[in-house]
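Common to both upcoming complexes is subunit A, partnered first by subunit B, then by subunit C.
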Partner chain A sequence: MNRYKKLWICLLLSMVAMVGCWDMTEIDRRLFVGSVGIDTSDEINKYTFHFSLPIAREIIGGEGGGGGGGGKAVATVSTVGNSIVDGARNLALRLNRDLFFEHMRVIVIGEDVARGDLKKVINPLIRLTEFNRRSRIAICEGEARKVMEVNPWTEKLKAEYLETVLASTGLSGKFAELDLGDFLRNLHSQKGDALVSKMAANKTQVSIGGAAVIKDFRLVGWLDEEETQGANFFLGKITGGDIVVEDPQGNGTVTFIILGEKSRLSLKAKEPIPEFSLDVYVAGNIASTTHGIILSLEDAEKLQGIVSKEITAQISKGVKKLKEIYKVDVLKLSDHLYKHEPELWRKYEESWGDVYPNVKIDIKVHTTVKNIGVIR
Partner chain B sequence: MTNIFSKLNYTKKKELYFERDMSPDKSKKLKKSIKENIDGVHSYLYDCDDIITRDFYMGQTPKHQMSLMFIDGMVDKDTLQNDILKPLMIFTRQFPLEYSVGENFFNMVKEGLLTAGDLKESDNFGEVILGILSGDTVLFLDKVEKALVISTRGWEKRGVQEPSTEAVIRGPRDGFTETYRTNVALVRRRLKDPNLKVKTIKLGRHTRTDVGIMFIQGVAKPSIVDEVLKRLNTVDTSSVLESGYIEQMIEGDWLSPFPQLRRTERPDVVAASLVEGNVAIICDNTPFALLAPATLLSLFQSPEDYYERWYIVSMIRILRFMAAFFAFTFPALYIAMTTFHPGMLPTDLALSIAAAREGVPFSAVLEALIMVSSLEVLREAGVRLPGPIGQTIGIVGGLVVGEAAVRAGIVSPIMVIVVAVNAISSFAIPNYSVAIGFRLLTFILIALASVAGLYGIMLGLLGLTIHLVTLKSFGAHFLSPFVSFRWSESKDTIIRGPIPSMEIRPGYTRPEDLDRINDRRHDTIDKAGDESADE
Partner chain C sequence: MLTNNDLITVPQTVVLIITTILEIGLLSLPRDVAIYANSDGWIVVIIGGVLTFVGSLVLSTLVRRFPNDTFIEYSQKVIGKVPAFFLGIVLIIYFTLASCIVIRTFAEVINAFMLQKTPREFIIITQMLLTVYLIRHGIEPTARIAEILFPILIIPIFAMYLIAIPKADFTELLPFLNTPVKAMAMGSLNTMFSFFGIEILLMLGPYMRSPERIYWTMFVSVAVSTMIYVFVVIVVFATIGVQNTKLLIWPGMTIIRTIMAPGKVFERLDALALALWTIASFTTANSFFLTGALTFTHLTRAREFKFFITILFPWIYLFASIPPNVLVTEKLVYMVKIGSITVGILIPLIILVLSIILKKRSGAA
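And now, the complex of A and B:
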């Protein structure tokens, strides 16, 4: 009996420590935040936050027309505040329910905000566990409000629409796929440099493509789609998408579908300044050609060379822009030195900003055509 | 009214005529005169109108006086007629009796005349009265200080039927009945082993119920057998009407929600457990036998687990354990997830729960308590009502009330799903007592979840684990073989390995003879091949 007494006392005592049910809120008393757009405001040091709040009863709808019963499925509410938390508090004066951020899927940052100091915006996102590290981040051309006002027709839930657009890496490598966790990690390890997806919007849909280049927590410029794909090839992040090249024989194009990619960076020379070589291995299928039906093995081999050349060109273009124009090391060269050549890194740690634009990178792409297509 | 019963003596009680261990008091010896003996019996069994005394004499003269005493309805009339009365009264009528009344005549009757199968001599009132009360027939002869107790037990009883609580698809269909001897015989028929021992004691001051323990000598661990006997001997109770009385009196921890003896209605389960080194307790007047020691895993087993092929059984067992987990955690998890940690749910699910809950007047906790309790009430009502009505209640309760409650907006449809999954999961546990124990835990976990969310649930599970790890059943760990784990025993746990691979008996009974299977199949196959090659 004695041991049970002890057990129960422990259990009861632990309950005393938890009196108040600190987190207890019925699920229907919460307002889920689906996505947030952040814009600058007229007041100094304050931002405008656009919260998109899914309305549960309209989304689930139930009988008779699946939520088409009148109301909007998503409400967008704007507020002004120093930080996202402050914004939410201000909103509490107008709404009768708790804002709940754990389901926030997408953070869209306006161009003006990004050109200012991103640190201030990101701070609460790092600090509070309430923010989902898997929410995706995008930087919007112009105001984030435009994105938040989009009325997608494929999904009822705006956040879901935005998130799945930003997650479609299997279909295209032309944008920088990034979630909050990655973003924070990049900002830490690369001193505030990162590639973030670029987003644009019209009334009914958003479009992604290209990337925003963040240097020292500030937006410094954009990469176009091909440059972004090149950078993704460099980083080994491509999982899908296609490459269209000139048909070597016909007068049309050949579509090459990427199945997978691996990249390997290695240090080629240490003196006078570090020199890198990059091997990129790409595997894929041929989806369409414009000449003849039958594709011989020789043709396939020839195609491999042409695709490699095209990919090399994309990578060089992206690397050149990042290296020479923006001088932003999101290619993780410094990371490589830090990890694999610590002594060399110590030498360049201070002066890396000056050395980096002059670093030479030898790019080799190895393409394999896995399948020339079933023809029967 | 008063006139008839005023003659009865309610207050005066003849002194207890049996020893503490329910064996008859042998000190009151029988008398020489048949009249005194019959009066003696009547002095104890007065006001018992169901006792029948049949006086008769043997042969052609009333010299050889005899008397039969038995209880109407508890004796087999055929045996009484054909094996006692017929030989004594009809067969002896044709020739004159040479023996004079007395000892020799008694022996002649016992050895030469009675054709009943089982009889014994007795020289005291204790045995005689117990015999009469047990359904035996007692034969008194004049001028002898002894009586014959002839086993004529036979009463209206239920035949061997299919057990209703442990249904199987494949497996024997016979179940225990309410008769002790039948039950023992059902087990004995499966184990033709001279080492199968049956020890019978009587328990209950008023009921004097036959309680037997069965074990296989050399397989069961002696200390477990001793422990069972010791605990049974400490039982001092007025009545044992069902094996549940014994179970609750001899189990080690009666605060636990888990039964520490396994109960079964199936002789094949008893036989299988005996071979594994368990001890069976079989009780008269109930079709439920008890098996000791019990482990959590054994309570999760169905006999069919060993009759079906092992892939299927392994899958079913895994499902059963998952079901058991949901059987006591599901409503609690729902409460924790929705009221404390909605971030853990997928967004779409969180939204649909939120939408479903909109307009529901009660908090999730109260809602869960209402639904789980009403389900318990429905279950109880369905069990107690006669069969066809019970089903009706199930339909009315499940469909009509559930649907109506949702439509009226009193509970959310998700909660109906949660409670239904919870209930169905608990029915997937083969042992009803365990399932009910788990359902009890549901309430505790709901309380903990409503106070501290997942943290509370974890505390509850932690407490449960502590309890289970410390729980013992007759010296065996309740959680074995997970406590003091042995790899060789893992084949019969959450999965069930192929039967040829289960070479040793489970260690929780620590049987003396560990070998279960000597797999000589391969040897014999090889040898057969060799021999045929030689020829």
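And now, the complex of A and C:
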């Protein structure tokens, strides 16, 4: 019996040494893709893919020594392929390590690709689980290559920089915040319409103000910063940012910091075509006034009115552009009809494309001043 | 005839049935109901649960009528030996296929979300070896394992999906009751397939300590399973959208990849989720495999049931490895689920009606 016990122990211990795994890849055989850029190429149905890859040894080396950080922390490689998977496989001919997409942070799509059919590009991102659904997505002006060549000074890693820029909703409402999962959800539940972050780049920085308007899986145009903020107000997505308005006494400006907002869309009239009313509730702080002004209660109340008016103007601007120029229903009006008035929606389902630009929306903004700082 | 004198208590029966119903098919349930009923999918699940409970009344009544017999014995009493023998064969085939689709779907999910290159056969065989090791000890240890694993399974499932709530948009559940009645009915019937697993009751009768409380047992089991199903469907709908759900093969798993635990302590929950689904499919495979072996034992009036586990093993492995890809697997799953209605409700109903007409009861052979 004792002999068997020893045998069992030997067998069990051998498991520790012999565990194998088909999927094992040593971490030093992997390249973690930080961000992906997609551009068109000269060949039909092929795209140029740029992958930014952090170089682990450079990141570690740079932190230790004062003058040590000679090499770049991030390498960018490009390849041409039919799909992102094809591109990554093509790189196997040139790189000795596997590309690994689980930690992908940002996907940047070039303008030309977006103006073509996005469906072709995003399919593998949905189909394969190796692509990180939490990564953020942006469409850039011109070529994605420009964004991939940015050399940020704030962060060592480009992907980290791009991701955190796109995550700063608490500081500004002038861009569209979206991760891949949300992007796919929006595309499918709105039949291919969505607002996506816009990105523009110079050598050391990107700028993410504004938004790209996608209609039926194609890029149709851009919104500028104010229009984007207006659209965000409309959708109730604003969690930060500021509004600058003229001083009630007319000799300077007041900066109003937004703390939060809620929006409520409701149907006002059904006939002859649907008419909506939108109530937006904004709360915020006064951060700066013209020096020497002493805020009285009346001033604060007046200011609330002025801020409301400014926000209303921004919303109307955004709504007008989306509704009348691009004719894209990213404001989720059809969604609202479908969800709350399914009977009415059945009537308009076919002709919504024609009805939508003429729909009237009555916008009311209610602003509350929460704090005014420590001077009056 | 009872080779194993172990009896299981009422709570053990409840968790055994719940863990049998709760299998990896839950991952694809949101898609099925979304296709049938769009945003009314969760209502369809509730109706499906009610229908399942009504269907389970047939099984329960049979257990009450013949508390000392399994399906094999009482069908022999009611319809005679030869037809009952064929029904027994059908039952064995059904239980074999049921355990094989559970194991296969599990291997499929593991392949898609975690171990892309690991051969499916390897996942199947390791899962089966574990199951065999457990069920060789009989029904009582199997029920006890279900009892131990139940809280380990249920609490994390709720916790995990609750993390998605901040991202959820509950207007996705609107419009309310906007689906044609026909689609609702079809959807509900289809959801009944997701409750497959109650058929194990056919063989469980004599192993229960208090068969007189069977109605209550079934009510609790089906109600708890329905609650879990509805919860998962609502969270999935609200988080990834009804239209998006229709496209995904396993929306219940994809949602895990889109959410992030608060505080970034655990950024990814994939591993936790897969561990939970391993438990879920393990308990389900246990029940089906064991019931299959028990059916065989009772059919051949053998003394020892362990022998039949060995006989069924290669067949389950074979059928689980046959489908080349997930599309074929889905087809097989659908066939088995139709079979579950036949075996779990239609055939017992006929037997029950005949036994009432012929006034057959336990003991009166």
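Note that the second predicted complex is superposed on the first by the 345 of 376 C-alpha atoms of A that agree within 3 Å, B and C clash if a C-alpha of one lies under 4 Å from a C-alpha of the other, contacts with A are read in each partner's own complex, and residues count from 1 in each chain.
To be clear about the criterion, a residue touches a chain if its C-beta (ideal position, glycine included) is under 8 Å from a C-beta of that chain, and two chains touch if they have at least 3 such contacts.
Note that the coordinates shown come from a computational prediction; the quantities given were computed from them, not determined experimentally.
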Partner chain in contact with A:K237 - subunit B first, subunit C second, else both or neither: neither
First (subunit B), second (subunit C), both or neither touched by A:F32: first
Touching partner for A:K327 - first (subunit B), second (subunit C), both, neither: neither
First, second, both or neither for A:R97, with subunit B first and subunit C second: neither
Partner chain(s) touched by A:L11 [first = subunit B, second = subunit C, both, neither]: first
Subunit B versus subunit C as contact partner of A:E160, first or second or both or neither: first
Subunit B or subunit C, by number of subunit A residues touched: B
Partner chain in contact with A:K120 - subunit B first, subunit C second, else both or neither: neither
Which of subunit B and subunit C A:R105 touches, first, second, both or neither: first
Subunit B and subunit C contact sites that coincide on subunit A, given as residue numbers: 21, 23, 130, 132
Parts of subunit C lying in touch with subunit A, wherever the complex brings them together: 39, 112-119, 122, 171-172, 174-175, 178, 240-244, 247, 254, 257-258, 260
List of subunit A residues in touch with subunit B within their complex: 3-4, 7, 11, 14-15, 18, 21, 23-28, 30, 32, 34, 54, 56-57, 59-62, 100, 102-103, 105, 130, 132, 157, 159-160
Subunit A-touching residues of subunit B, taken from the complex the two chains share: 255, 338-343, 347-348, 350-358, 360, 363-364, 450-453, 455-456, 459, 463, 466-467, 470
Sites on subunit A touched by subunit C in the complex: 21-23, 126, 129-130, 132-134, 179, 181-182, 184-185, 188-189, 338-340, 342
